[in-house]
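First chain written, first letter: the chains are A, B, C and D, and each begins at residue 1.
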Amino acid sequence: MAVLTRGAYADAGTSLDFKTGNWRSTDMPAHVHAAAPCHAACPAGEDQQAWFALLQQHDPKGAWCELVSANPLPAITGRVCPHPCETACNRAALEGALAIHNVERWLGDQAVAQGWAYPVAPPAVDAPVVAIVGAGPAGLSAAYHCLRQGLRAEIFEALPEAGGLLRSGIPATRLPRDVLDAELARLLALPGITLNLRARLGRDVTLEGLRASHAAVLLGPGCQEGKEWSVRGAVPTDLHEGLALLRKFMDVGAFPPGDRVVVHGGGNTAMDLCRLMKRAGAAQVTLVTASGLPGPDTDPSDRINVVPRELEEALEEGIEIIPHASINRLIMKGSKVTGVEIVSLRKFTGKDGHSERVSFGGTERVLPVDLVIPCVGERVSPEGLEAVIQGGYLAPEDIWGRLPQDGVFAVGDARGDRGTVAQAIGDGRRAAMAAAAMIAGTGAPPLAERPTIPASALNPVYYPPSRRTLVPVLPVAERGFETEIEGDIGTAAAMAEAARCLSCGNCLACDNCWTFCPDNAVIKTAELARDGSHYVFDLDYCKGCGLCAQECPTGYIQMLPETL
Amino acid sequence: MREAIEGSLAIARAVAMCRPDVVAAYPITPQTHIVENLSRLVAEGQMHTEFVSVESEFSAASVVLGAAATGARAYTATASQGVLLMAEVLFNIAGLRIPLVMTVANRAVSAPLSIWNDHGDSMAVRDSGWIQIHCADNQEAVDTTIQAFRIAQETELPVMVCMDGFVLTHTMEIIDMPSQADVDGWLPPFEFDRRLDPANPKSFGMLVTPEYFAEIRHAHHAAMARALPVIEAADRDWAALTGRATGGLLAVEGDPEADVAIIAMGSTVGTLRAGMAADAGRAGPARLLNLRAFRPFPAEALRAALAGVKHLIVIDRAISPGLGGIVGAEVAAALYDMPDRPRLHNHALGLGGRDIPETIYADLLAAIKDLDAPGFSVFDADLAKLAPEDR
Amino acid sequence: MKEFRIHGRGGQGSVAAAYLLAAAAFEAGFTCQAFPSFGAERRGAPVTAFVRIDSAPIHLRAQIQTPDFLIVQDDTLLLDHAITAGLKPGGAMLVNSERPGEAIAADFGCRAFCVPATALAVETIGKPIPNTALLAAFLGLSGLMPLEALASALKGRFKGDTLARNLALIDRTAASVPQGLWKEPADA
Amino acid sequence: MTDDTRLSALRQKFGRPPAAPDEPATKAATATEAATEAATARTRQPRFEGLVSGHRACQGCGEALAARLVMEASGPDVMVANATGCLEVFTTPWPQSAWRVPWIHSLFENAPAVASGMEAAMKAKGRNTKVLAFGGDGGTYDIGFQALSGMLERYHNILYICYDNEAYMNTGVQRSSSTPHAAATTTSPAGKDRMGKRHLKKDLLSIIAAHHIPYAASASVAFPQDLQRKVRYAMGIEGPTFIVVHSPCPLGWKHASALTIEVARRAVECGLFPLVELERGSLSNIMPIRHLRPVTDYLQLQGRFSHLFDKDDPRAERERDHLQALADYNIAAFGLAGEGGDDAADTGGHAAVGRGGPIAGRV
């Protein structure tokens, strides 16, 4: 029983005895670290939001370390990745997506220039050794992630140089060779990685031999064989398959003659070819693709799968693109093609999820051509892989890349369901994790699935308007075969771009919850952040009004049902 | 030092001697001369106080409330409508147990408008929880004002010093004014622990639920009871210093053996005193009770003073329509348990400034012989002035 | 006890006159009481103020209904014949007027004396404020208290040049009236 | 560490919570110790908590938030006179007070006068603890208006804060002179013959400014940095200052408690509650509205305006247009449409945040 004070006064702050937490009837606030859309979209598994947060704190090295915890090759991916992260970026709906790939590239270049050490410890001398076939992006990523898992990696590469498709299939205008060499050299120099060059599977080593000698085998041979291509059985005698043509060009620097070229396909190889041939002198280069061009109404699954800026640059350079079309017939003069008949078509997705292409009769038209180049994909070269290959690919059972053979994993393009460097890098990481789990006998690693936060969950009013940094691009007239077309973003712009990150789904430490709680039920903790935030909900006093969640700019605070 | 001095000026000078930190007041007849004189003392640099010239009595009371709550000695004065406009604040001040001193220059309450003296104003706030002390003359008013600051401080109750408007406030008479040194030595500096203090922040004026409200009111009532000896002690100490007693709670004069007694408050006491002297025994002797403390009501002292009295005349300077005399009713209640309690003759007199002549003494005494007289009357009302249906 | 009623108009200093008279009485060793008519009269309206002087303490708070003396600050007030209402039998009236006192005495049936107080005040203090001159005249006529008492009272109220001129005014006025004309044998 | 243990560590560090007054304290601190501890805790606090948790405001109370923000920006060397109203009732049910500064409540209509007395006392004692006076719109626009005018005229060194929730919320949502036109309250209900309040919201700020005081401003809980800048500015002024803070009341305005800030923000962005500053009666600053929005964006969130969205009632559109016209008038009169600068010291137009806190005020 309280003893009355004279005149009924009270001492300061005594309302703390009255716990208003029991006023909450339905929901309570909670920190929910949902995945930012960039992270969710990243095939390599980068958390761009996380490394942008470190950049916002003026810690480029920390940002790079965070980045390379998923992707060891940012200087490369920053140049070649079609960056689905930018497509997914929630800022796209405001003033344009963040220039994520530019900053990624800048970070990668900074790391090379500054000699920042990869955040991996050398594995134990007697650590299990994983055999990795192929020193392309998948294999290199796998080797790197083996180190991160405490394993050693021994790479077997058939060619005299590491790099795989990075070296053989991407022109220097997109990926300068010095950049490629520098980043690969740093990675391959990591203690615990052994690289065997000119070691071809089926010739110098065998799958069974590797299985016997190593704790696990990761197969990342890539796709080396062009698919057969014909139009209703017709195959021109002077047919050049796209990837092979590109490789050849990069080796010898010349294309077959032809003024009017039609490229058939919808990937980066097709795009590279179009642009290189145009620059090499072809008067008219046309890309015929079944996909659609990017646009507000284009379904993501229908969108042409190329680096968006490459598409823009190609259009600048005068490449003609015929979307939603296919080659219906080849018009031959003898064994040579003189024209192609194009027909419009669309992809329709049926109820079973399979898509079907339907061509529209009456839309046929003819293009006169000198050269037709199919770029419709490649297959795994079966040499040494006869035991595991299925329908031209190594078709693994799951995202970890497990093949039916114990301890054998498939990564990268050889899986048949991949197509980008970033996907290959993601494959390498996952396979290394799965291999490590298998070696440790702990089964498959857990899938860290976080829900993705949509733009609608943000409160955008708190973000000051800020336009995307435009990076200098080589003028069309100056574009050749060596000089990189897209320029460097530079430190200041990279930091400015980082400041544009909305921090979707994660704590921005913006103080809004702390500022707006009418009940002082949000406590700021400078040094005690456990869940990545700097705030704790004092549920003794929180009345559950939901203001903090409503005003949280990043959607990091959500009202969840009261737990009893 | 004895001086011929106007009542209001004397009060202003007495207040100044008590060195209030804050004075706030709004002018109203007949309190005006007090605040004018205080203003002049401030303007002349003879008084160092924050004089807040407010825009209403409501704010005057609120300002001194705030000032006292902040640990300042504070003072205000008002009358009549001003008391009623303050009413809400007065209850609040008392409920907060804030020590303050206020002079009420008693005046009738409108309507009809009357600027003249009676006790209708302070009676209207008798239940506000303030100590109310009435003064029979200006000497009493000066001495009581100084005592009031000490009483307020010791009891943590606000004190209302009531003096009849015009009759005292505007009258020059001879007053023995205390010296500043006397007051400085007698009145302790203002200290109030329950104050707004950044070093020890507290919250005042809170919401109190039914579980505690009754206790708060009981405590207030008990504090009033404890104030009775404080008032007496203040007067004793003051008398020891100055040789002048004000009479404390209740002063008894006249014939101590008389079986007739008259109770009055304020300046009426002087006229009755003069009337008794002039009567020279023709109407008979009486005990004359100068009832000074109306709140707290000195029931015990009253009963002691009335031992052996057969007829008690109680004079009211206000009326509670529907009941009659207020002092009369309260005296009756106080005497209810008294064995051989006297017969009560309750009269309202001098309402709205009606002159109370010297002959009132004889007239009142004569009236007790009328066995059929009502227990209460407006003694000096001439009903012939009323339409028959309004009588 | 002597009771006074002072008649004037709002703004003429009747209340001040009452206070001065009472203060003079205090200086002379008497007890005193002075008060205005309790009202709300405005400038120019007829007003009254009252004084009681006694040698014993004064307790009476009643209005003065039967004054011993009237002091009239403005002879236009005599147009109201009720001005002498309540004046005690044998009472006297001092009037600020250039008219002869005898005529007024005849008019009102009481003792009366006139002093040209306004003229004297204008001459001496430069302002038409008759109250100090009237009080001085009264003291001279009545012999109730020495003129020094009034001088002391004035010293409590005025300073400097104003005081000096008022002192000169009361000396001059007091000397101008027949000394002790109203002196009562019983008081002597 | 779990949240619970972290909380207890934090509470220990920041000195909360004290023992209840009716429980014997485990170890009574001396006054000096207590003062030292309080001072230490205060210096460690990343902000001054003048109004602590455990008060009994409704969920999502705009007024509680506004008062908290004001205390942070003004404290700790202040004392408060608080008019009767929600704020007073929900912070001080005896024996528990949510205030950490000297605080007094007297009556509904006298907070400015009580504050005047406090300030006079401070002056008399030669101290300079700033006095704040708090009132709701009832206590400020209406019943306490006279006392407020007196306080301003007498030039007391007081910062008066009006928490404007546009009705008598404490007594159950009755209209005040601050209630906007057409809003429904329990004494201005919408019905067959009436469309809510018939009269206009009183332009109090102009009246206040007409006292020629050094500083009068309007602020909103939706723009806390702006609000706190204004409070700090006013705190630095010797003399009477006045800030009216738009503080939504989820109960009275009939909106979800989570929307308090959103509603307040829209009130500013549609022009119905302009954020302006007046010094010596002259307009000295405004918060520009970067994206003007129609008043309906503001109105439709609130049940008190739901009758304005009755499709079958021809009066609804008229009243909506009327409110839009009032907003347009404000926008034109104060020149509200604009971008707002990028001066970090000026909060105009910004409630923007970045990593590590609000952007406004970063210099």
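Quick note on the criterion: a contact is a pair of C-beta atoms (placed from the backbone, for glycine too) under 8 Å apart; a residue touches a chain by one contact, two chains touch by 3 or more.
Treat the numbers as computed from the prediction; the structure is a model and nothing was measured.
The pair with more inter-chain C-beta contacts, choosing from A-D and A-B, is A-D.
A simple rule picks the central chain: find each chain's mean C-alpha point, then take the one closest to the mean of all protein C-alpha atoms, which gives D.
Chain centres here are Cα means. That of chain A falls 113 Å from that of chain C. If you average the CA atoms of chain A and of chain D, the two centres end up 49 Å from each other. Each chain gets one centre point, the mean of its Cα atoms, and the points for chain A and chain B are 91 Å apart. One finds 43 Å separating the Cα centroids of chain B and chain D.
Of all residues in chain D, those that touch two or more other chains are 91-92, 94-95, 97, 99-101. Along chain A, residues 2, 8, 10-12 each make contact with two or more other chains.
If the chains shown are joined wherever they touch, the resulting network has some other arrangement, not a path, ring, star or complete graph.
Chain pairs that touch one another: A-B, A-D, B-C, B-D. Chain C meets chain B in the complex at residues 18-19, 22-23, 25-27, 31-36, 38-40, 58-63, 65, 153. Across the complex, chain D meets chain B through its residues 31, 35, 76-79, 81-82, 88-89, 91-95, 97, 99-107, 109-110, 112-125, 129, 146-147, 149-150, 153-154.
Across the complex, chain D is touched by residues 1-3, 5, 8, 10-20, 23, 53, 56-57, 461-464, 499, 503, 508-512, 515-521, 523-526, 528, 530, 536-538, 540-541, 543-547, 549-551, 553, 559 of chain A. Remark: chain B residues 21-22, 24, 49-50, 52-56, 58-72, 74, 88-89, 92, 96, 195-209, 212 touch chain D in the complex. Taken in their complex, chain B has these residues touching chain A: 95-98, 156, 194, 201-204, 206, 208, 212, 215-216, 219.
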